[in-house]
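Letters A, B, C and D mark the chains as written, and numbering starts fresh at 1 in each.
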Amino acid sequence: MRTSRQLEHMRVLAVLLMLGFAAFPIYWMFVTSMTPSSELFASSPRLLPAWSQLSIYAEIFNTIPVATWLKNSFLVAAGTTVLSILLAVFPAYALSRFRFAGLAVLGFALFATQMLPEAMLVVPLYSIFGDLNLLNTIPGLVLANTAFVVPVITWIIKGAIDSIPFEIEEAARVDGCSRLDIVLGIVIPLVAPTLAAAAVISFFHGWNEYVFAQTLVSSENLRTASVGLASFVGELSTPIHSVMAVGVIYTLPAIIFYLFAQRYVVAGMTAGSVKG
Amino acid sequence: MRRTVNRLMAAAIAVGLAPWWAAPAFAKDKITFAAAVFAEAGRGDRVKAWIESYNQSQTGVEVEPIAIPFSSLANTVFTQMGGGGGPDLIRLDQTDFFAAIPSGRLLPLGDVINDKDYPFLGPDRFMKVKDVRYGLLFDTTGYALLYNKDILPQPPKDFESFLAAAREKTRDGTFGYAYRATMAERAGFWQDLCNYVFGFGGRWSDKDGNLTLNSPDVIKGVAAYKKVYDAGVTPKGADAATYRRMFWEGKIAMNVDNGGVAAIFNRNAPQLPFAAAPSPFPDKAQGLIMTALVVNANTKHKDAAGAFIKWAYAPENQKTLQAAMGTSVGTRLDMSPEEQAKQPWLRVYEEQMQNALPQLVMGHEDKTPEIQQIVLEQVLKVLLENADPKDAMDRAQSLVERRVLR
Amino acid sequence: MSAIEINNVSKKFGAKEVIRDINVSIDEGDFLVLLGPSGCGKSTLLRMLAGLESISSGEIVIGGKRVDQLPPGDRDIAFVFQSYALYPHLSVRRNMAFPLLMQEFRLWYHLPIIGAMAKRRIENSPRVVEKIAKMSKILGLTDMLDRFPRTLSGGQRQRVALGRAMVREPEVFLMDEPLSNLDAKLRTSMRSEISRLHKEIGGTFVYVTHDQVEAMTMGTKIALMRDGIIQQFGTARDIYTDPANTYVARFIGTPPMNLIMAKWDGARMMVGSLAIAANLSPTLAASDVLLGVRPNAITLATDLSNDSLNGEVVMVEHVGADSIIAVRLKDGRTAHNDDGDLDAVMVTVPGYCMLSMGQAVSITIDPHQMILFSAATGERIRRLT
Amino acid sequence: MKRAQLARERLDGHPWTPYLFAAPVGIYLLLFQFYPLIQQFYMSFTATDLLTPTVNPFVGMENYSFLIEDGELWKVLSVTAIYTVACVVFAIGVGLGSALLLDSPFIGRSLARALITIPWAAPSVAVALIFTWIFNSQYGIFNRALTELGLQLGGENWLDNASLALPAILLTTVWQIFPFSSVVILAALQGVPQELKEAAVIDGADRLNIFKTATWPTIQPTVLMLTLFVTIWSLRRFDLIWLMTQGGPIGATNTMVIELYRQGFVYRDLGTAASIGMIGLSIALLVTVIYFKVTQMTEQAQGKR
């Protein structure tokens, strides 16, 4: 029989191992970015960053258009977030609250899009976008990404709306709200934590997306960070520590943003409105 | 039909989307030029500067360079061309060039440029298919053995001594040789493989265009590739970008590579004492890299593209381009003795050019990407799973016949 | 003028008819309680009054205006929900101001920032501020106006829900089991509080409950419902003393009215083989009847005789001031054993009763407190001379 | 169920309202998902070149029969199946383990809960890049660590080895998605009734029994749902595999989506690519149908319906 103290130690060890597993690759990306190129191929690897190499980051911004890439990724991500949320709230409400002919079709259609690989739709989307003059534009990328984000977040928001008691909406109706007033004035504030979570998901999708950004945009000054980073996987290209530095610059904001946004993903605002 | 539906839907939602952005209006005729070279360290900026000098020279046309990484250039550009768009000008790799011709995606250039006005280099003849010109030779180079004189004072003369030297020089983080052997670097793998196959007398097809993937000489080349692989003289896992950097940092003794790479070595490490020699293979034949400057058939700026082409092939501009690229460009240029002396390897490459063959499956130029994929997968089986080279190439031959030539 | 008129109102969910042709008219200032077991349609009827539920046929008139096709907000009503249905994202003050805000709401108020400013302006207008001050004073909510619903106790939330209903000063207050989520003690005090509010602010109340005590204590009128039909409509006294049928008789009163099977042979009332003294002479052909008698209209005796209804004690319950004794009759049956009750006559005896199980007793029924139902239909037989 | 339906009915306002609410997203999906999808469906019966996608000579079932006869499809399908099943097992397994670990109280738990989500937040392209570097045979930290530990595995060419590339890709994938399943399961664990656990403890159950009787029944629907999602995501995962191995070496990591992309963009054969897409889509649909059947059956078994 193990003592509870031993168990406690084992648990701490397990947690540390798990966190190490989760965080190590990102740490290693950072270390590699800070390893002077002469040491990169040394026989024993450098396990700690060489802080003297911090200037690599300043250098990166001077030699590689990282700032533009990040700006584009941000615009795509922010656009995707706004458009997706705008598009998702009303159908989510309809899915949760109405019973109408076509409900099942809409529900299934939203789910089915989860099964379509982006790679499959690139060609037809390219020709549609060509006709719409959307190629080589940030709005074009936003539209393409939104098509893949909206279904997911519609389901998520629907789930949150499901948990709002009908009585609250009925109270609003008695108080003189129209259906639109209810969605905008009651439902949206009540599902705000879920909307925040949905926004995080949308933002990440936009920030990370690669296939569309690679094909639907060709202008160098509209290139996103994902494509920019992938472009290093070529020949005659940039040294590995610069590549890793760009990787860090691209990854870190996402991680920090996520750690920050996590707080908002904790729901529970309806607690107390109904029952004891 | 599809078009019509597209257009209708386009019209329907264009109204709704119109305020999203204002269509940019350009005073100049703006055309785009996509090439992988713009993204390359060392050469990219110089070639971009070359284009900028064109933009400065006149007010009618503005050329915007678009850098697309080599590995995704064909995918990206072909998708865009298929969708009815794409850049106006493209520098296409030879395999992609031939792939694009049958589908009518390249604009015939017979009326843009008069052959006789330009002293094109020999490989330019490949730019014409059935007497129709689909592109212009943009840059070209052959292959030769590059070696670091600090590590290896004398170049090996034959394959055996080459292998022995490579073995001898592999120690303490230094490697005797480097080449590509992964699908992640499919195009480069193919180029390196072509050098071995050609170097051992093999050809992918005969004069009549019949496939000869399993001919004895091809198999000899593949076996040699495997021998090098097993010798443990290469930095496995280092991609070309990495091992080329290692070369100029003095960690690689030898490398069979093209003239562009030599230029990069020189530019990144001017003091590096490297030299070029003929490749150490029995047959003098080596691969030939060439790229074509083509005009997208979807272009709406044919005249602007033509104007740029005429400028690009003017002798003085070709000279600047040559300096930027470090390889031969489309036309023959005279070089002063001083320039020759500064870049002694250029002569070697020039001489090797005589024996150079395009890295294509002649007679099936447009099918080369598919054939290349199958051949490389079979060669990988030889390298990784110790498959018998003959069996593997027999299989490649039959797979290609079955899948590609169906 | 009656405050609410419900004329021939029916409601169907698919093939199922949950409200069947209801006609009710309520006077201004009435406190109507819709009473009945769960699933009887009382809540549906209330929701139809509110406009939360459509009606299948018939018409509803509130304050002289036909409203059955109007949205809830236009019916001049307020609704208090069982679950309170407070807006969790709004403070108490803003919860209460919400109906007033909606009266002046414009579509553009949905716009961010400027919409919010416009809403603030309304919420801070003297009219709204004064009303909320007044109502919160009445309800004792003044100190918690800036708190959020989740920080309030159940009773406090209930008050807020009432306050939100009251600020509109509507023609009609509709309440759907508003006390059922409170504990027993709080329920009693809220009960009198609601009655007090009804007197203080006036207006017509319609109140749904399944609790007969609430109905009896609060309602000026009670409508007892079952299966979508109003069984009886009248004052609490009417319903208690003068039930229209066995259902009403058994629904009201604790323990409920005893229904003893009897036979009217044209002249005498026979329970088993015993003719009992009954102050009844129905103009009725000989038939089976049910003798309705409240437990407190029966007296118990331990001395047996052949002229009394004899039986034995099968249950004794002490409920403080009274004791409840169940007596199984030796020579007579009750008509209420089908719903799981004891086949026994319930008797309430004041004080602590010392009778024990199995003891033989006799019962005597007060002849003036007997009522008669048809054994066949359960309807009240009123043709008495 | 019944109540929800009644409730829905009672909220119904104007008959057009639901359509008005659903219209924007309906039109949007029609335009950007289903119209292209129908094009792809049609294209799968044609010989279409990437360079001339508007020229679609109709060839009937030829693309499908080629795929079936060629035999490459079976390898692709088996790689896809292995990859998908392994992703589900490991991602959910590791996710469950870490969720249980993070559910029990310890100092710094909230920090640990936040940190574990790091991989989920990292963009795929960056993940592909760093793992390619980590798995590098000469300079990768993975091999160096293995050599330090004295394991025979050291020095392997992970991404270039036909039998090791898939495990390497799997490790990368699991690293990236296990935080997701961990967080989702962690949320489900909050719903485990404490009383049930305590009852099990009083009944003398050991840890495994407590898990089986109290924890598992509560989180089982969540785990099922995760299985569906991880399955579908694995079926369509592209960036990571493409950037790390392009489906190689020798087709060892050639999943359906990679093969689709290769057919379409390397071989420029959009017709064959589309037919692979259709086969993949049918598989995804099949998985979904099975999922709903299984959910239904387990719910019935547990008497929830």
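The rule we apply is simple: contacts are C-beta pairs under 8 Å (C-beta built on N, C-alpha and C of every residue); 3 or more make two chains touch, one makes a residue touch a chain.
The chain list, named the UniProt way, goes like this: A, B, C, D = Sugar ABC transporter.
Just so it is clear, the structure is predicted and the values come from calculations on it, not from any experiment.
Colleague: If you apply the touch rule, which chains end up adjacent to both subunit C and subunit D?
Modeller: A
Colleague: Could you let me know which interface, B-D or A-B, is made of more C-beta pairs in contact?
Modeller: Contact tally favours A-B.
Colleague: Starting from the Cα centroid of subunit B, hunt down the chain whose centroid lies farthest away.
Modeller: C
Colleague: Distance between subunit B and subunit D based on Cα centroids, please, to the nearest Å.
Modeller: 37
Colleague: Between subunit B and subunit C, what's the gap in Å when you average each chain's C-alpha atoms?
Modeller: The computed centroid separation for subunit B versus subunit C comes out at 90 Å.
Colleague: Report the inter-chain centroid distance for subunit A and subunit D in whole angstrom, where each centroid is the mean of the CA atoms.
Modeller: Those two chain centres are 16 Å apart.
Colleague: Which subunit C residues reach two or more other chains?
Modeller: Subunit C, residues with two or more chain partners: 47, 52, 71.
Colleague: Give the residues of subunit B that touch two or more other chains, as numbers and ranges in rising order.
Modeller: Subunit B, residues with two or more chain partners: 2, 9, 13, 75, 79, 82-84, 184, 235.
Colleague: Indicate the residues of subunit D shared as contacts by at least two other chains.
Modeller: 9-11, 13, 31, 35, 39, 50, 53-54, 138-139, 270
Colleague: Tell me, which parts of subunit B touch subunit D in their complex?
Modeller: Going by the criterion above, the answer is residues 2-3, 5, 9, 13, 74-75, 78-79, 81-84, 99-100, 103-105, 181-184, 186, 235-238, 369-370, 373, 377, 380-381, 384-385, 402-403, 406.
Colleague: Help me check something: in the complex, which residues belonging to subunit C touch subunit A?
Modeller: My answer: residues 47, 50-52, 71-74, 77-79, 81-89, 98-99, 102-103, 105, 107, 110, 148-152, 154, 164, 168, 181.
Colleague: Help me check something: in the complex, which residues belonging to subunit D touch subunit A?
Modeller: Touching subunit A from subunit D are residues 5, 7-15, 17-19, 21-22, 24-26, 28-29, 31-37, 39-40, 50, 53-54, 98, 101-102, 104, 106, 112, 114-134, 138-139, 141, 144, 175, 179, 229, 232, 235-236, 238-239, 243, 257, 260-261, 264, 270, 273-274, 277, 280-281, 284-285, 288.
Colleague: Where on subunit D is subunit B touching in the complex?
Modeller: Within the complex, subunit D contacts subunit B at residues 31, 35, 39, 49-54, 56, 66, 70, 136-140, 157, 159-162, 244-251, 262, 265-268, 270.
Colleague: So in the complex, the part of subunit B that touches subunit A is made up of which residues?
Modeller: Touching subunit A from subunit B are residues 2, 6-7, 9-10, 13-14, 17, 20-21, 23, 32, 34, 36, 38-43, 64-72, 75-76, 79-80, 82-87, 172-173, 184-185, 188, 235, 239-242, 244-246, 249, 251, 260-261, 264.
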